[in-house]
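Letters are used for the chains, namely A, B, C and D, taken in the order the chains are written, and counting of residues starts over at 1 for each.
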Amino acid sequence: MCGLFGIWGDEAAADKTYLGLFAQQHRGQESAGLATTDGHRLQTHRGMGLLPEALPPEALRRLKNRAAIGHVRYSTTGSSNLANAQPLVVNCRGGEVAVAHNGNLVNSRALRDEMEARGSIFQTTTDSELVLHLMAHRNALQGDEAGLDACLARLEGAWSLLILMPGRLVGVRDPHGFRPLVLGRTESGARVLASETCALDQVGAALVREVEPGEVVTLDDGGLRSRRYAPATPRRCLFEHVYFARPDSVLFGDPVHEVRKLLGRRLAREHPVAADAVIAIPDSGNSAALGYSLESGIPLEVGFMRNHYVGRTFIQPSPDERSRSVDLKLNVIESSVQGKRVVVVDDSIIRGNTSRRRVARLRAAGAREVHMRISCPPTVSPCHYGIDFTSTTELIASTRSVEAIARVIGVDSLGYLSLEGMRSCVGGPQGSYCTACWTREYPVAVPQDLDRHALEARMSGRRPD
Amino acid sequence: MCGLFGIWGDEAAADKTYLGLFAQQHRGQESAGLATTDGHRLQTHRGMGLLPEALPPEALRRLKNRAAIGHVRYSTTGSSNLANAQPLVVNCRGGEVAVAHNGNLVNSRALRDEMEARGSIFQTTTDSELVLHLMAHRNALQGDEAGLDACLARLEGAWSLLILMPGRLVGVRDPHGFRPLVLGRTESGARVLASETCALDQVGAALVREVEPGEVVTLDDGGLRSRRYAPATPRRCLFEHVYFARPDSVLFGDPVHEVRKLLGRRLAREHPVAADAVIAIPDSGNSAALGYSLESGIPLEVGFMRNHYVGRTFIQPSPDERSRSVDLKLNVIESSVQGKRVVVVDDSIIRGNTSRRRVARLRAAGAREVHMRISCPPTVSPCHYGIDFTSTTELIASTRSVEAIARVIGVDSLGYLSLEGMRSCVGGPQGSYCTACWTREYPVAVPQDLDRHALEARMSGRRPD
Amino acid sequence: MCGLFGIWGDEAAADKTYLGLFAQQHRGQESAGLATTDGHRLQTHRGMGLLPEALPPEALRRLKNRAAIGHVRYSTTGSSNLANAQPLVVNCRGGEVAVAHNGNLVNSRALRDEMEARGSIFQTTTDSELVLHLMAHRNALQGDEAGLDACLARLEGAWSLLILMPGRLVGVRDPHGFRPLVLGRTESGARVLASETCALDQVGAALVREVEPGEVVTLDDGGLRSRRYAPATPRRCLFEHVYFARPDSVLFGDPVHEVRKLLGRRLAREHPVAADAVIAIPDSGNSAALGYSLESGIPLEVGFMRNHYVGRTFIQPSPDERSRSVDLKLNVIESSVQGKRVVVVDDSIIRGNTSRRRVARLRAAGAREVHMRISCPPTVSPCHYGIDFTSTTELIASTRSVEAIARVIGVDSLGYLSLEGMRSCVGGPQGSYCTACWTREYPVAVPQDLDRHALEARMSGRRPD
Amino acid sequence: MCGLFGIWGDEAAADKTYLGLFAQQHRGQESAGLATTDGHRLQTHRGMGLLPEALPPEALRRLKNRAAIGHVRYSTTGSSNLANAQPLVVNCRGGEVAVAHNGNLVNSRALRDEMEARGSIFQTTTDSELVLHLMAHRNALQGDEAGLDACLARLEGAWSLLILMPGRLVGVRDPHGFRPLVLGRTESGARVLASETCALDQVGAALVREVEPGEVVTLDDGGLRSRRYAPATPRRCLFEHVYFARPDSVLFGDPVHEVRKLLGRRLAREHPVAADAVIAIPDSGNSAALGYSLESGIPLEVGFMRNHYVGRTFIQPSPDERSRSVDLKLNVIESSVQGKRVVVVDDSIIRGNTSRRRVARLRAAGAREVHMRISCPPTVSPCHYGIDFTSTTELIASTRSVEAIARVIGVDSLGYLSLEGMRSCVGGPQGSYCTACWTREYPVAVPQDLDRHALEARMSGRRPD
């Protein structure tokens, strides 16, 4: 869960990267960073928090240059520190190099052990540092394409990478293309790389195409060069469409909002119900609720009011306030639900606690019936390719039937979209999407002991800054 | 534009006031403050910024007491400083007293001159300080009801006031009731006063009733006492319904979201148009757009994606980025509007610049026709009773016809809701609403030279903290 | 314990006031403030902490003007808040006015009660606000000299005042002249007022003379005017010479360092002892130790090394570290005292705890004998005129004989300078110094219940910012 | 210019290390850091600024453990950043390891090139990282003493090192012993390593002995082990005695304050002069001035008053204030010098600007004659072993005779202590001190192009945090 942005050949590279990251802030709120180059050296700034805090104006001014890469990072609290912020910038035989990474390597432990045995020292727990060690060791950073490809061949898992050196910017996507990466072009001709197309919109760039799974794209003053370092075997992340990406992005070729409306329409066909109003859980259920309403003919209604001031800086009031089922983020609009049979549409149920509380509040506000509809199948297994939700044991659907879940959250009926139903709403050939979190079928083998925190456990005490 | 909250008789008074203000953060983001009492003394904390910054946890812990009042304040930058934050707390003959005020006195200059001539010194430019001087001079703070009423009789304009003393909490609403003030009750029986009912929801309190125009409510350990210090001549602010209040509040007896849907429905009848989609300007046009869609049968669509990370802390990128018509807050969802005739619903047009830019972006995204519908009449005149929008000369409708405005903002058609249409959507007898910003008919005479910054101009250099 | 600085007729008035306060930072470290005028309005900035924090560069830039007054304030923690920082600036009948005050009024409670009975409201606990109320009520701020003098006649206690209005700067010293106030002149002819002459040195101004006890000095574009509003009955604070003032100041006509050397010389004559080295407690005992050494012929030695990084920002290590008699501020230089008979010179003993600990450390470092010499008589009674040391009960000398004190702090001998001895080291006619803290003879009657915190007790819960 | 502290076997290891660094804050004010271990993992915190800011209380609480090393760092602004703060902590084959370093390697460029050629990546410009790479590559961190010794054999220049691993703490001093490192023991038996003995005093530890040049000391739960990895060829830094160390430390076996008094006495014999007063430049000249006075019989006087509030946080007033020869740090005490012939004693003259300004101020205050005496020979050449003063071209003595310097700074006479004179004041055999900054005789060959900023120039754009 990270966002990438890179640009080559624009005098406002730092500002545009800031804007491109800003449009992708939903992909990571913990830290942000920027590396730029004037063609000779790299300059960098990284900071904790949202962009305005992490990259203050004076940093942007200092980093004014013609090329840049940037990164926003999400992480659980445990591993939250500045040392792990990206891009990581180092000096090595090939000169200075910066790397930003979105995804998760499943063989990082093995690679790390191997590098340590060779005498490497590790200062962070990020995959970015691992990639840099590999490339430095192979001397893959001086234009040696074979060397770089050999390094990439060592990686297993999910990676969209941006690599900045004084003379060029390289973008790489793993052969499965788990995480998105698109190529754009500004009006003045500068090339742009970004995780999502909403970042292109923000900087006034047009979408050119996806970077293909298994493709290496090199941007420099001579323009764009592309090559394939591995055959593409696409397993794009379908959960990006269901939940993670912004509705105004075009993802893997399909507009996200349209896909979600289709999910809602299909959901209405698979799980119809007699009701007076369709309401969304804002904002995750907005597009699917609209689709459900359009397909079913049941009027859309605004059932929950979102408090826009709830943010990461919010300071919790005393514990006994919290236990009073006070919901700081969403308040029910009583006039919208009183005396009505309502269909509540959301994108997923993780642990079920939040859903249960919200259903209770709808009933307290006078809803006569509450029917919940989810725009994907039950989530039963964790993601090992870069989406960080809870562990298997905490997933309510990993051990319970749909009926049992309906009882836990207190609804009159509960319907999940079928796998085929979901799959029919997106394009691409059969099998080109990863659906492991719903099916437990992992396209890339995962080591028995893999744990997102495995590396961190070894360095757990360290919080270098 | 301020929000008030007060509570008597709850051990968690400070925390509940924080939550009540939090639900009303939309009414003021510049500063916030809290005054509490243990029955003997007052304690207070005020700070700049949003609540988490203005009232940090350690302040709340220090202010733990059985009764409290709080305030969130909006102000233009010019007069922004901590000295003007509320509640204001002073020592006087009657002991300690704290005051929080929502509204705007139109005779503050005259009263101030009168008090200064008597030898009073003024440390702020707030109406709150003026009210305190009046009350201290009349010795109106020791339970002398006649004295307090005589002070209130001196005030002209709009005021909802909360006054906290060690022994009681007093709530007052002006005879016209311009600004809202409601009375609630928690499950454990504590009385609550708030500007909006969404604050009651947030603390788990039920709405009892409005404080009436011209009413004084006194809360103490003996319960609730009420008296009328002036006959009620209601002129409630209709713009609160159209724009300012939260959709989940019940305002002046009507649910805001329902009123706004009615405004949208009426707008669809007054200004119908053949179109493919109805889209809202989020979030101000959301409820009215839903009403327009329901009445017209034209499907609702999500045309704009809002970036939730745009906040007051956002640091602007370089000027030439801004001139590139980059909209940091709203991005068009191209798939929703491409090739379509769209009806765009909003609550008002102030200067027209933002509307023009957004219409242009809809057309750039491929909208075939753009029809704008506004859920109130043209705004032609400033508010002198507490809503701070721009000066007359900047209001696009103060000097232009509807046709001229349509040309300026570049729409195919433009329709404003009629005054009667708007009026028909809310309850209450004819004439009980203030509509001065649309009609120039001011219920309370305004001095020729009145200017929100008049007092401040006299003290302009001062920024005491 | 405060420092004042004012200047009229210098384009760099704000910067010079900053420098003048900086030289007087020892007189107050809690908060600082500045008020300036361009001849029409006042501008002000106040902040907590030392000068660089309280008055940041952007504040100085904003306050660039031709005239200014400034203030540094010391206070105990209890009453520490921004609202009490000075100068206080208000609006009243006479226009805008700023006041800064050094000293302590003994009749503030009575005056305050009187003003409150007239209907005044008080927002701070400072004497400055009281003075402003008096002057506003008497309308003494429009050039009415009789009115101002009548106000000053109401004050009892100690006050050096600076009053800034758009058209003039007024300096006042109480008839007893407890606190210092001097008049200087810069090379370009601008007039300067300051508590100590070291502030004149810092801004390149020459000392002209003391402002006399009972004198009012008015600076404006017409130059300097002086008048006497009360006959002078000087009772200058002798403790300023002994301890509080900077050694490089000329105070009440005498150079402080020279006075302190004389105190040390006299001490050597009154309390001679056979010893190997004279050492000072840095920095309070430095000058007197030098005098003792010169008079006695016993060589001066450096016995204690001061850690210059111990400041107000120091964060205490864990409690059990503190109990280990670790002295963060002073370390003994073992080679200076080992095997020696040492005379330790300091300016005073307040509670005795610190002295006892330091004597113990000298012995631990191998000192053979430790003789303590104090350059004033035993401190037996609190100051009510502006110096804030501990209450009577905590003063070790208020209830103990010199022999008993010597036993408590563990010295081989202890000698205090006699009153006559001390008095002989400064100029001026007999009786022109206040010596109340050594003699309990208070020149101005003190109300029975006077307590520095009396007013604050009434407003104790308030911490407005 | 750095300070080290380490401790093994004390429950309050973090607090004691904080105190030990606090006593050595004069050795580095730019950043500070701490690494501790519980026997299994390392924990670390590093921050910019003085200790209270760099290591806040919550960090100390989090780092509570039984063993720790700490570091304070000085650096020029150019290379100032958090990434370069120490201790540096990494993961490698040997597990976790932290390193803190005082000194300067002269072959760091060559070693770095060699490591990069092997594929290592560098994230900082510190010698500490280089040492870690060497040790990781040699696998020297798992108790392999031969491996560690082989690494140390590769280093050239000055290094006092502390290395912390979960199971032990290693202290190393280079064979020349340029920088100090001492071994101490607390009352409860815990072993302590520190740069200066004043740090031992601060934590209540007794000095055991110096760590010898060429010695490796290992502390673990089994106690202390020592071995020699290279023959000792001592070249201790004499400038530490003259200027850098604290007067209350015992350095290389001699008490610093006593050495400085001897320097002053010898200076009085080498350069006598008829005068009325000896004054020191505080605080650098204090001890030598005392010695000069004792030897010459000319009375010591306090000529300069130091403003203790001048610190690194001081914000400079406007430029034209500065040009007015205002000295923020030192003010002349006029009464001490007026009409007198004064001898001014200081430890060194670097560029001469400050000396010239101070001499001018003494004359302006009425000094009849000004004679300057310096307690070491003329400083003619830079230090390459860890003391960072200016480049050769800026050293006033590198191109000027003593007479020419006297004219530049405007004194009546100028005397520098002779090399032999200086050398006679410290112990140890002939040739056991490094005197390169006075003699240009560098004990360790320095590469032609050596420049403290060489490495940094290659990474100059980087400011990773």
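Methods note: a contact is a pair of C-beta atoms (placed from the backbone, for glycine too) under 8 Å apart; a residue touches a chain by one contact, two chains touch by 3 or more.
It should be emphasised that the depicted structure is a prediction, and the values quoted were computed from it without experimental measurement.
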For this session: Would you identify the chain whose Cα-based centre sits farthest away from the centre of chain B?
Result: D
Problem set entry | Length of the line joining the C-alpha centres of chain A and chain D, rounded to whole Å | 49
Problem set entry | Between chain D and chain B, distance of the C-alpha-averaged centres to the nearest whole Å | 61
Seminar exercise, completed: Separation of the C-alpha centres, chain C versus chain D, in whole Å, is 37
Seminar exercise, completed: In chain D, the residues touching two or more other chains are none
Exercise. With chains as vertices joined when they touch, what's the shape: line, ring, star, complete or other?
Worked result: ring
Exercise. For chain A, which residues are in contact with chain B within the complex?
Worked result: 12, 15-16, 18-19, 22-23, 25-26, 50-53, 56-57, 60, 198, 201-204, 246-248, 250, 255, 257-258, 283, 286-287, 290, 294, 299-302, 305, 307-309, 311, 313-315, 317-318, 320-321, 324, 326, 328, 331-336
Problem set entry | chain D residues within the chain A interface of the complex | 38, 41-47, 62, 82, 88-93, 96, 116-123, 129, 132-133, 136-139, 458-465
